[in-house]
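What follows is a single structure, written as structure tokens, with notes after it.
For reference, chains read A, B, C, D, E and F in written order, and residue numbers begin at 1 within each chain.
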Amino acid sequence: VRILVANPNTSAAVTALVERAIRRVASPRSEFLFVTGSFGAKVVSSWSENAIAAHSAVDLVSTHAKGCDGIILAISFDSGLRAARELSGLPTLGITEAALLAASTLGVRIGLVVLSSRAKTLYRDLVCSYGLGDRLCGIRALDGEGEYDERRGGYGEEELTAAARALIELDGAEIVILVGAVFGGRSLDIERRLPVPILDGLRCAAPMIEALIDIRAPGASTEAGRDRSDRLVTP
Amino acid sequence: VRILVANPNTSAAVTALVERAIRRVASPRSEFLFVTGSFGAKVVSSWSENAIAAHSAVDLVSTHAKGCDGIILAISFDSGLRAARELSGLPTLGITEAALLAASTLGVRIGLVVLSSRAKTLYRDLVCSYGLGDRLCGIRALDGEGEYDERRGGYGEEELTAAARALIELDGAEIVILVGAVFGGRSLDIERRLPVPILDGLRCAAPMIEALIDIRAPGASTEAGRDRSDRLVTP
Amino acid sequence: VRILVANPNTSAAVTALVERAIRRVASPRSEFLFVTGSFGAKVVSSWSENAIAAHSAVDLVSTHAKGCDGIILAISFDSGLRAARELSGLPTLGITEAALLAASTLGVRIGLVVLSSRAKTLYRDLVCSYGLGDRLCGIRALDGEGEYDERRGGYGEEELTAAARALIELDGAEIVILVGAVFGGRSLDIERRLPVPILDGLRCAAPMIEALIDIRAPGASTEAGRDRSDRLVTP
Amino acid sequence: VRILVANPNTSAAVTALVERAIRRVASPRSEFLFVTGSFGAKVVSSWSENAIAAHSAVDLVSTHAKGCDGIILAISFDSGLRAARELSGLPTLGITEAALLAASTLGVRIGLVVLSSRAKTLYRDLVCSYGLGDRLCGIRALDGEGEYDERRGGYGEEELTAAARALIELDGAEIVILVGAVFGGRSLDIERRLPVPILDGLRCAAPMIEALIDIRAPGASTEAGRDRSDRLVTP
Amino acid sequence: VRILVANPNTSAAVTALVERAIRRVASPRSEFLFVTGSFGAKVVSSWSENAIAAHSAVDLVSTHAKGCDGIILAISFDSGLRAARELSGLPTLGITEAALLAASTLGVRIGLVVLSSRAKTLYRDLVCSYGLGDRLCGIRALDGEGEYDERRGGYGEEELTAAARALIELDGAEIVILVGAVFGGRSLDIERRLPVPILDGLRCAAPMIEALIDIRAPGASTEAGRDRSDRLVTP
Amino acid sequence: VRILVANPNTSAAVTALVERAIRRVASPRSEFLFVTGSFGAKVVSSWSENAIAAHSAVDLVSTHAKGCDGIILAISFDSGLRAARELSGLPTLGITEAALLAASTLGVRIGLVVLSSRAKTLYRDLVCSYGLGDRLCGIRALDGEGEYDERRGGYGEEELTAAARALIELDGAEIVILVGAVFGGRSLDIERRLPVPILDGLRCAAPMIEALIDIRAPGASTEAGRDRSDRLVTP
């Protein structure tokens, strides 16, 4: 299957990071098309940048979704998710949505590690929009200042582990999500050091979108399936 | 990967039906182990039968989960789900949970087709337990009498289609789930006749559990992955 | 005070309609600046058009808000509301938000008349986002087909009255809102014929934004106030 | 327009304080009639005093509302609000309701500063009754003892500022309300010292009730409007 | 034990009806003191009458609770409940609260039969205040006109049965409550004709208040218990 | 009346403790039949043990309920409650349910003292299932290790009092419940030392089940009542 991975931000460096994270976990049977937004912020950290990113997501989807079987929105605010779904008619997942759906099956109380305090309210709203507000037990930011710095993808294992540990020990988290495209795959690095499952959005999004494609069109992800005449056409 | 498909009911006929439905949609890379409960009701349709089925699920999982990578509870009340998860430490999905998670990414307002009016309250509770209570727009039973008859798996396409159509036209459903192990794969039969996506639990559970296994242990579902030394051990 | 009235759609005809409605109810002490979006749909009726309209709202606000004291988003989906607020630092109201806040003080159970069935889910989400989901007793669309036609602003009093009456008599509405910029001021035409208060967004938005401006900077709306040295500067 | 400001408590000193606060923010176009309850507590701080105050509100409204265009209930528990509305048929606002409505448009997460710990549960209930329970991030009392002392209106800026700062820094408040008639106008004194908007009930109630009067009867607040034949008569 | 039964309305006829209903179900070990309000409406059917009744409840409790062990508020809006509890420090139940608590243990989905459509919103609020809003499946009024007529206590079995049946068959009620002091004991008359349990407030309130008295002061309801030195004094 | 007290665990020692606690508070007019589960854990402290206990509850009820008038499930997770109710057609209470219903009438904000941190999520779910999630202000565990030790029923008054005090002073609890069959009657020991009511499940369950039996069949609990021909037969 062919999967569009759209980063509605304008930073190609983040898209490269997204690609590395997806390649680390993706199955060999999928091809991925990575695209970067042509307008808006380098990295979203405000409501207005998020509004522009939602348009950018629509723009990327309308330009690149043709010929694809599913879409991953590689932005942790899941910007423009319903719009992208509606426009493409394809299975579409935001990376934070993917992590939350997976988390909901692995534990009851969910904690989030995020980059900046400034975005806590956006993330809280997002979790509530997926019906999991009552299960959110805490959001901990790695930095309270709110200024984004691209090198932060470089937060060390110590800092990530400490934030996750605080969610587990102080807030009662039974599962922790590292929220942010820059944390793609980083949960794999720290999971062994912690007593509960740790996830991140990109690690979850690739397997989940393949599953949704299979659900909509059974067999689609197998060679045979791609040619099957009974493949469903999503309306 | 090896997946345990546990039917906590005691009807081998239903397990056979479950097997046919799973085979219809499963990917070739998974093996499935189908097991049937050794005590309890043939088919659950009450709170007390459901309580016994939850124990039966625990029993089946403790007996058969060894050597498996994930578990599907093939019973539409998702009986014993959290218990099975806790006991096995493996990715575990109920079939109605699987359908609801998939549905939540394909539409906002969700409608359910169920076998009997008697179980409406159980299903409503179940949907709420996954955080989707506000998105449930209707439950329509194929029969209001409440007596279960095994031949009902034989409901024709006309009846299923009519119930789904009522959910769409009268209740505003943007997606419809046929709820019940006996409806495994039946959504594929009627989807083309209706204007919104139609799902059923077994169709969703197989791809979703494979995705969750991949998320917990990236690469697990590939041959290479099975031998990878960095495979995560679920605690 | 000077108020920016931003229509993030691209239809100048709708902006003209908005201007007439605002002029009908506005106080003489306010000046209004009416602006129309430069990209996006003529009228929003889908999630993707709405995502673009939110960007358009951000664009209009960043271009025109300088020198203004408050902002009205003249679009019934309140597209880009939080973004516009954040960007401008000014009191900002969506027209449906304004009507809902006013309605919440005039009755407990609220009913909505909307143009098209297709947008019901968007409006339901919007009402919930303002904390009034439990008080929403019904949404009735004037037309179920979902295709928007600009002449529909021309719905007659009979049709509007009938929809409002159904909300009151069948759904228990204690207050009814005509939702949509095209209905600006139309509630004044039909209110006398119905037993409960009827509102529309534009009728509510102008007085409410003036109040919010006064709250943020007391005295701002009087001549004297405009020169007062103790006027608060919104951060 | 003529606005009844009813203090359902029996303390004329508090009514005088209310009058000073209203005069500080009110527009010149409104006349205010200030009245004090003839039975009940001097200041409400319990459920039973609150029940009596609600009756007192009904009593004041039935005696004094004739000839008025709107009503402000100058008591922070909004005692008897729905009763006063129903009885008068006029736009009616409680002062805490007014502050909460304004706050809901200026920030997502709301914090409250209240006089006494004893009343926290009453206020929590009140916030929930307006649909904003999920957005309440904290209530901080200036004093935990629960005994009310009229001189407390005299809390200094330091104490008010410290409580507001704790809500912002520890609880994540994006907007803070000083709750209580005795704090009328005090938010204006401390707002410059804090990084988010600070409100109080009386500061918000006057502009908001004028707006609601204008919404119900467009033009009412202008001289011309008062004589307009098309003025709506509230049923 | 000695139980105050306070009717905060001013109709002695209703108090007499209340007494007959309590005597029909009460245990011989309790004495009851029946009192009627000295101000307010004969029967409450509006928010303002309800506000006055809450004060009347406070008044009756402060006058008559001395020497009592528990309190029943014999008014279906449970007017002044928290105030009466706080004031007396005694176990205190509203009759609708009592019926709802009992109902919550006998079925999941609850339906209400009420006298007048006008009060539906008050009752809905009341049910939500006890945390049972999600389980309320319908409210059916015996009369939609809203004018109360004392003879209505005389509604026949046919009408009560028909309303209950509609809740069961159309709304899915698993338990039905006849709401209103005038229906005291009437559920006993119609229960045999219907397939689910039917309750009314007075039938539930007497046994429940005795239980709460026993819980607060174990043994209180036995002769021996009344003299036990270890009887708890409610603070 | 005859009341079945079913301990679905397999520890006869806990059943003996339950019997002592019930005898301490029960009225002389009731007979109790104490039974212990024949399979499952000695004491439940996990989801899987809880699933087995629910089956055990069903088993005990189907074996022993004949001839009884009501049922108490003497296990703090209220395991199998709805199943036991459905199966027996008798008034049935879980001990934590009984304490929560009583607590809901004695205070608004409820705090729980539990044995082990491990079970916090189970208890939170349970409280929510009774509609009281919004009123739960805290859960404090006496021990965080999660290993159950039968001697813990022996927690001293100091430890229980300290945990309750923390709930009152730090979490704002207006009422505290000691959750667990092992705490039966212990609330009587510490209540005098604390400023708010303290309850435990067994103390509440006996009076409450008697009340529910009386409600279902008025007069049942009196000698006379037992022979009354008009006694209702629960369907």
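Criterion: a residue touches a chain if its C-beta (ideal position, glycine included) is under 8 Å from a C-beta of that chain, and two chains touch if they have at least 3 such contacts.
Treat the numbers as computed from the prediction; the structure is a model and nothing was measured.
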For subunit E, the least number of touch steps when starting out from subunit A: 2
Interface with more contacting C-beta pairs, comparing A-F to A-C: A-C
CA centroid of subunit B to CA centroid of subunit E, Å: 44
Chain centre separation in whole Å, for subunit E relative to subunit D (CA means): 33
Where subunit D touches two or more other chains at once, by residue number: 82, 85, 108, 133-134
Which pairs of chains touch, using the document's own definition: A-B, A-C, A-D, A-F, B-C, B-E, B-F, C-D, C-E, D-E, D-F, E-F
Subunit A contact footprint on subunit C (complex, rising order): 46-48, 50-52, 54-55, 57-58, 62, 80, 82-87
Complex contact set, residues of subunit A against subunit D: 120-121, 125, 128, 133
For the subunit F and subunit D complex, residues of the former touching the latter: 108-109, 134, 172, 174
Residue numbers on subunit A that touch subunit B, as the complex places them: 24-25, 27-28, 82, 85, 91-93, 97, 101-102, 104-106, 108, 130-135, 188, 191-192, 195-197, 199, 203-204, 206-208, 210-212, 214-216, 218-219, 221-222, 232, 234-235
